[in-house]
Each structure stands twice: as C-alpha cells, then as structure tokens.
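Look for chain A in each of the two complexes below; its partner is chain B in the first and chain C in the second.
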Partner chain A sequence: MSWETKARAHFRAELDSIRSAGLFKEERVIRSVQGAEIEVEYPPGAPPRKVINMCANNYLGLSSHPEVVRAAHAGLDERGYGMSSVRFICGTQDIHHRLERRLTEFLGTEDTLLFPSCMDANGGVFEACFGEQDVLIADRLVHASIVDGMRLCKAMQDTFKHSDMAHLEEKLIEHAGRRFRVIVTDGVFSMDGDLARLDAIADLAERHDALVFLDDSHATGFIGKKGRGTHEHCGVVGRIDIITTTLGKAMGGASGGCVSGRRELVEMCRQRARPYLFSNSVAPEIVAGALQVMDLVSRSTERRDRLEENAAYWRKGLSEAGLDLRPGDSPIVPVMLYNAKLAQEFSRDLFQEGIYGVGFFFPVVPKGQARIRTQLSAAHERRHLDLGIAAFRKVGAKHGILGLKRKEILAKFGE
Partner chain B sequence: MDPMRQAILDYVKREYLEEDDDREVDASTRLISGGIVDSFSMVSLKRFLERKYAISIPDADASPEAFDTVESIARLVERFTAAKAKA
Partner chain C sequence: MEQVRSVRVALPAGARTTEEELELLEAAFRAIVDMHYEGGADWKTAWEALERDGWTLHADLCWRVTAQRGHDFESASGRTKADALGQLLRLASLDATEGCP
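Our next item is the complex of A and B:
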C-alpha cells in the first residue's frame, strides 16, 4: 500500500474527526523553566508571555530547584549522560540502588524497583505478579495506565464504584473463589483530587484476605504529615502490598517511577515486568537529581506544609468568589464548569488574564463534568494565588456563573 | 418491559449509577456513548449476562455499540440464547 494513494487520506480523515469532535489536543510551548511563573508562546508564533502556572504536577516546586539542578549536573559529570542498556544487562549503577533504598525507607515498604516511568510500572506490575486464577478489582476512576496494565494481565478484571466501600465488599465476596483478590486504587484521584479511603480499604482487605495495590503518584512527597503518601495520611503504612509512584510529579518532575512493596512482589517485577526488562535504565543525571529530592523531602516538611497552606488559601478564595469546587483536601482543586465548551472558553479567558489553567472534558472526565483542574505548588507565592483568584472571579463573572451550582450551570449552558 | 430487559436495566442501575445520580435510565438510554458505562467497567456487565443467561459472549461481539443500550444488549443476548437453543 502506498502512503500517498490510500493511507495519508485515511489518517487525515481520522484526525479531522478528532478535530470536529472538539477533542484535538494541542501543545502550548513553554520557553522558560518549569515553575510558578512560566513564559508561554500561545497561540503558536505569538511573543512569549509570562503567566502563572496553575496546572503543573510540580506540587513541591522542585522541578527547577537549584539544589536538584546542581545534583543532576554533578550526576551527569560523575556517572555520565546515559546507560545505553536496560537495567539487568549493564544499566545498573550504584546510584540506582541507592535511590531504590531511599524510596523503600521513605515509603515504608520492603523493597523498591525503578521503572522508566510510573506508566511503565503500572504497565508491568500486574502481568508480572498475577495470573488467570486471580482477580483485580479496581476503583472506576483509577489512572489510565492502571487500566492498560490490567488489560495486559491475564487475571480476571472487575471494578467498583468510586470510593464505594459497600460495592467493593460485594465484589470481594463475589470473587471469594479466586486465588488472589487484589484491590486496585489511586491514592489521590487525579481528576477530582479526592483521597482514597485507604484505611477502610486496608480493613476490607484484611477481613477478606485480599491484597492492596496503590498508585500514589499524586501523593508521594506531600500527602501525610511527612509527605510519605496516602498510606501515611490514612495510618496504614506497612499494610499496602504494592505501591507504584512517580518521580515525574512532586519528586522533581523529570521522569522515572517505581514499584515498591512486598519483597517477593518487587522481585517478581525484577524477573518478569516487561517495561523493566525491555526499556532503558533511568538516566544517571535523573537518578542523581532524585536522590537530592529525597534529601530535601526527608530533611524538612516545610515545602509540603506550604503546599497545604496554599491549597487551603486557594480553595477558600475561589469558594468565596463563588466558583463551584469539588470538595477535597489535596492540592488538586477542580473548578467545576460542567459544560465542555464553557471549560474551553474559560481556559482561554484565564490565559488572557495571565493564568494558565487547562479545561478537561469528556472523555477525560465523564460527560457533563467538564472543569478547569487547578493544581497548587509550594512554589506559588501568595501574590500568585491572589492574582489567580482575581482572574477566576473576573472570568467567572463574565460567563455569569459565580454563585451557581451544577444544575444552574447546566440549565444555562447545557451538557 | 419483558423480564430480560428489566433484569438488565436493574443490573445497570445497581452496578453503574451512584446513589445521588438523578439521571433517568431506560431501555433506550445511551450507556456507553452517554458516559454511564465505560469500556473498563463494562466487563462486569458482560460477566453478569454470561452467568445469568448461561451464554458465552466472544469479545468481538461485546462491542461498545452492542452494549450501548439495554435494548441492544437484550438483542445480543437473545441472539446467543437462540443459537444455544438450536445447538
């Protein structure tokens, strides 16, 4: 088949259908380092503009932290740029093991294995550990990478209503005959910002002899008094069998992820997880930077404390301005707009006011649940938040939604 | 509504709607394209049908289109139960 006679037309039509469905994603180009304030070229070709970033996963503000950058430079000098190998051939340096030990201590687990990303960790862990005799029972709002990982595994799959413990228990009873029943959940749910009820989940697991899998990517480094994660917040450290998490968000934001947990399960990943076996080692400079991040988060809780204060201030300010927020106590604060077109226009208007916040709509979130997901950072200063709240108030007033709740907004704009 | 459609509808409501969900669901409501059921959570519905009606639905037949309404699901089940009766 020639590309020009048939295939190009096919893919152009596919892309056009994505465009006409309003689902076409475009990148906005940043011309600065990641931070609370960034320079963005938008629309393409426009002169770069300084805006306040309200949509990064840079929760602890470490993406461009001078100590992390310095440590990464030193790592580059001392251990080189890349490993040109997967881990088990000739891609494991002393610093990879050092970082794995630090993560094990920090997460309160038995062992840890680094992956190129948490997407890869989730892609590999289920297939490596579970099989046809088992069942994976997932919260319906888990991250897409978990859905993909589960699909690669031969275990039976089931789901329970979001954070609905009664429904989860029904499923545990329904699948009582399976060898292993694994409860699968996120710690902090990325679209809504709410926390899993991990204490109740751990109790259910104990009562029904099940295992618990937790993806704590939106929690590691800042949820819990010492920032160890949702399991610390819920008082269940040591009771979670598998934790996956990322270095690509709060923990410096470069890349890399891990599977951490019961020693034998981590070892199964080392033997069998395909993204570990067939993809490159995390690069030395990133490992060196991440070790510095571990130092920073272990040394002091100052940054996670500031993040918590920022989130509370932001939530209070937007709420008083009359915006409709999803309730929660994480630094993910979704401003609910319900209508997809309104979310897109709102995001554009915010940008004009110097605030970078992205609209999310179906299929990323359910129909009629469109929103601007705002995310706080320890790098935000009070003035950033005040400017952001003023912008939301102004744009909210422009669209006439201040003080309105779901039904009223839907009545005005439709689904 | 016949007993099969009623049983499927009852299952869909119990399995997929939240307690505070005020959406009206009937035999023609779009479940997948309407965002009530997604491909990830659809597996339990397929398993329910297979168990209740003692059939096996190949993955190729369990398409989002076939599972989009209670009506289309019932027709799919009827096709498999009829094939089983013949065999």
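Our next item is the complex of A and C:
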C-alpha cells in the first residue's frame, strides 16, 4: 500500500469525521509566559489578546515564579541541558536523587522514583508490580493514563461506580480469590473536581486485605493543610501503598512525574517499569526548578491557603450569579451547561469578554454533562476573579441560563 | 464433483437443546475439521519454537467475544461465554468516557 494511493485518503476521511462530529481539537497559541493573565493568539493570525486564564493546572501559580525560573537557569548552567540517557545507564545526577528524597519526605512515603511524566508513571507502574493472578479495581472516573496503564498490565481489570464504596466492597468480595486486589483511584477527579473518599477506601482495603493506588496529580502541593495531597486531607498518610503524581501541574508545571510509596514497589518500578527503563531522565533544569518548588511549598502554606480562598470566593461569586456548579472543595470548579453546543458557544463568548475557559462535552464527559471547567490559581488576584465572575454573569444572562438547573437547561437547549 | 460428507446426529425425541449448545457443537466440529484440512496441524512448529525459547506452554479452547462501537474495539476470552462477556464488560467499563486531562 502506498501513502498516496490509499493511506492518505483513509486518514483524511478519519480526520473529516472527527471534524464533522465537532470533536476536532485545536490549539490556541499563547504568546506570553503561563500565568493568571496570558496573551492568546486566537483565531490563528489574530493579534494576541490579553485574557484571564481560568483553565490552567497552574494551581499554585509557580509556572513562571521568579525563584523557580532562577533555579532552573542555575540548573541549566550547573548540570547542563539534557542527559542523553535513561536513568540506569548514565542519566542519574545527584539532583535526581535529591528531588526523589524531597518528594518522599513531602508525600510521607518510603521511597520515590521520577518518571518523564505522570502519564508515564501510570503507564509503567501496574505492569511492573502486578500480574495475571491479581486484579485492579478502578473508580470509573480515573484519569485516562491509569486506564492505559491498567490495559498494559496482565492483571484482571475491573471498575467500581464513581466513589461508590458499597460497589467497591462488592468488587473486593467478588475478587477475593485473587493474589492481590488493588483499589485504584484519583485523589481529585479532574472532571468534577471532587475528592476521593480515601479514608473509607483505606478502611475497606484494610478490611479486605487489599492495596491502594492513588493518582494525586490534581492535589499534590495544595490539597491538605500542608498541601501534601488527598491522603493528608483524608488523614490516611502512610496507609496508601502507591502514589503517582506530577510535577506538571501545581509543582511548577513543567514536566515530570513520579511513583512514590512502599519501598519494594518503587524498587520494582526501578527494575521493571518500561517508561522508566526506556525513556530519558527528567532534564536537569526541570529537576533544579522542581527542587526550588519543593522549597517553596515546604517553607510556607501561603500559596495553597490563597488558592483555597480564591476557590471559595470564585464558587460563591458564580453561585450568587445564578450559575449551576458541581459541588466540591477543590480548585476545579465545573460550571454546568449540560448541552455541548451551549458549552462551546459559552466558551467563545467568555473569550470575547477576556476570559479563557474551555468547554468540555461528550466523549470527554458523559452525554448531557457538558460544562466549562474552571480552575483556580494562587496567582489569581481578587480583580481577576471579579472580572471573571462578571463575565460569567454577562454570558450566562445572554444565554438565559442564570438561576436555571439541569432540568431547565436541558429543557431549553436539549442534550 | 466430490461429494461433501456431513455428520448427522439424531437427537432423542423431545430432547431440548439451547442455542448455545448448538453453537458449541458446531464450533467443536469446525475445530476438528480445521485441525485436519485447514493447516490446523501446523501448530506443532510454533509450539516447539516457543518451547525452544524457554516458554512453558498451555492451550485450551475458549469462548472469544468482541465488541465494536465506532472507533472502539474490545475483545475478551473465557472458559464460558459468561466468563468472556463478563471480562468484556469489565474492559468496556474502563472507558465510559475519555475523561478530562
């Protein structure tokens, strides 16, 4: 088969079908550093426009923090640009070990191993640690990288209804004959911003002799009084067997992730996890920047406290404006619009008002659950939030949805 | 033209068979025919090659079920159709939505 005679036509048709289904993803080009205010070129070729960013994972506002940038520059000067190697050949520097020790201490675990990303950590950890005698029982709303990692593992794969502890217990009983039963969950779920019931999960795990896996990517650095994560918030530090998390969100936002937890499981990853064994070390400047982030988050909780205040203020403001929000305690605040077309139009109108927020709809979220997912940052100042709330109120009024709940919005716009 | 031979088995009067049993009978006969006439005996070469590479092998017949929905494809196997479908259901439940990044 040649590319020109058959393959090109096939892939063009595939792309056309994605476009006609309204699912084609387009990148909006940012011409500034990441932050509470960014300059966006949209549509392509238009002059860059300053907007308030309400959709970054920059929870602690550290993506462009001067101390982090300075530390990354120093790392670049002192340890170079890249390692040109995987970790176990000639890609491990002293700073990689230092960062792993800092993460272990911060997360309250026994050991930590860095990966190029948390996507890679989740892609490697299950296959490295579990086999066909075991079962992985995942919450149905876990991140896509966990689903991929589970599929790469020979263990039986099963799910429980989102945050439904009775269903989880049924599954633990159903799979009682398996060697290891592993409960798999996110800490903060990226779709709704709700928190896993980790205390109940840890209790169930103990009662049924199961292990607990936690992806805390949307929590590390700011959930819990000291920002250690969902396990701190739920009072179960030391009772979670495996934690994966990212440096690509609150913790500076560059890249890199890790597996942290029981010493032997981390060592299994060091020996067998393919994304660790077959991809490059995290670059020195990113490790240096992340070490500075560790200093900042360990030194003070001021940024996570401000984020918490911002999230509460934003939630209150939008609720009072009459928007329908998913309840929760995290800085992920989904504004529910239910109808996919409405979510897309709402996002476009917000952009015209100087607010950058992205509409999510099926298949990213279930049918009839379209929304604008807003995300707060410690970098947001009160004026950003006030402008954002005013814009949501104005666009909400334009579409006639203020004060309406799911039933009324669906009656007006359909699913 | 060579006459096609077939095997007919008379069932006792009043015997009840389920659709699944008939499907199983057909699959069993199909497997016997394939083993003799459709290159089915060639399995020994692959088996021995794997053993030479240090694999300990085991083979048995099973149910295989597949499911297609648009771009998504799932397949599973099991000793019974229920096992296979149960596994398929578990796999499909992993991807209820794409999820948010």
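Criterion: the second predicted complex is superposed on the first by the 415 of 415 C-alpha atoms of A that agree within 3 Å, B and C clash if a C-alpha of one lies under 4 Å from a C-alpha of the other, contacts with A are read in each partner's own complex, and residues count from 1 in each chain.
Heads up, the rule we're going with is that a residue touches a chain if its C-beta (ideal position, glycine included) is under 8 Å from a C-beta of that chain, and two chains touch if they have at least 3 such contacts.
Everything quoted here is computed from the prediction, not taken from an experiment.
J.: Looking at the overlay on chain A, is there a clash between chain B and chain C, or do the two fit?
T.: Aligned on chain A, chain B and chain C clash with each other.
J.: Taking the superposition as given, does A:Val237 touch the first partner, chain B, the second, chain C, both, or neither?
T.: Neither partner.
J.: Any idea whether chain B or chain C touches more of chain A?
T.: Between chain B and chain C, the winner on chain A residue contacts is C.
J.: Can A:Asp158 be said to touch chain B (first), chain C (second), both, or neither?
T.: A:Asp158 contacts both chain B and chain C.
J.: In the overlay, answer first, second, both or neither for which of chain B and chain C A:Val40 touches.
T.: neither
J.: A:Arg140 contacts which: chain B (first), chain C (second), both, neither?
T.: It touches chain B and chain C both.
J.: Classify the contacts of A:Gly368 with the two partner chains as first (chain B alone), second (chain C alone), both, or neither.
T.: It touches chain B, and chain C stays clear.
J.: Regarding the shared-chain residue A:Ala74, is it in contact with chain B (first), chain C (second), both, or neither?
T.: neither
J.: State whether A:Cys55 touches chain B only (first), chain C only (second), both chains, or neither.
T.: neither
J.: Counting clashing C-alpha atoms after the superposition, which of 9-17, 27-35 or 45-53 on chain B is the one that bumps into chain C?
T.: Clashes occur only in 45-53.
J.: Pick out the shared contact residues on chain A: the ones touching chain B in one complex and chain C in the other.
T.: Overlap of chain B and chain C footprints on chain A: residues 138, 140, 147, 157-159, 362-363, 366.
J.: Quick one: in the complex, what on chain A touches chain B?
T.: 138, 140, 147, 157-159, 161-162, 164, 362-363, 366-368
J.: So in the complex, the part of chain A that touches chain C is made up of which residues?
T.: 138, 140-144, 147, 150-151, 156-159, 190-191, 360, 362-366, 373
J.: Considering only the defined contacts, which chain B positions touch chain A in the complex?
T.: Checking each residue of chain B against chain A gives 16, 18, 34-35, 38, 40-41, 43-44, 47.
J.: Would you tell me which residues of chain C are touching chain A in their complex?
T.: Touch list, chain C to chain A: 87, 90-91, 93-101.
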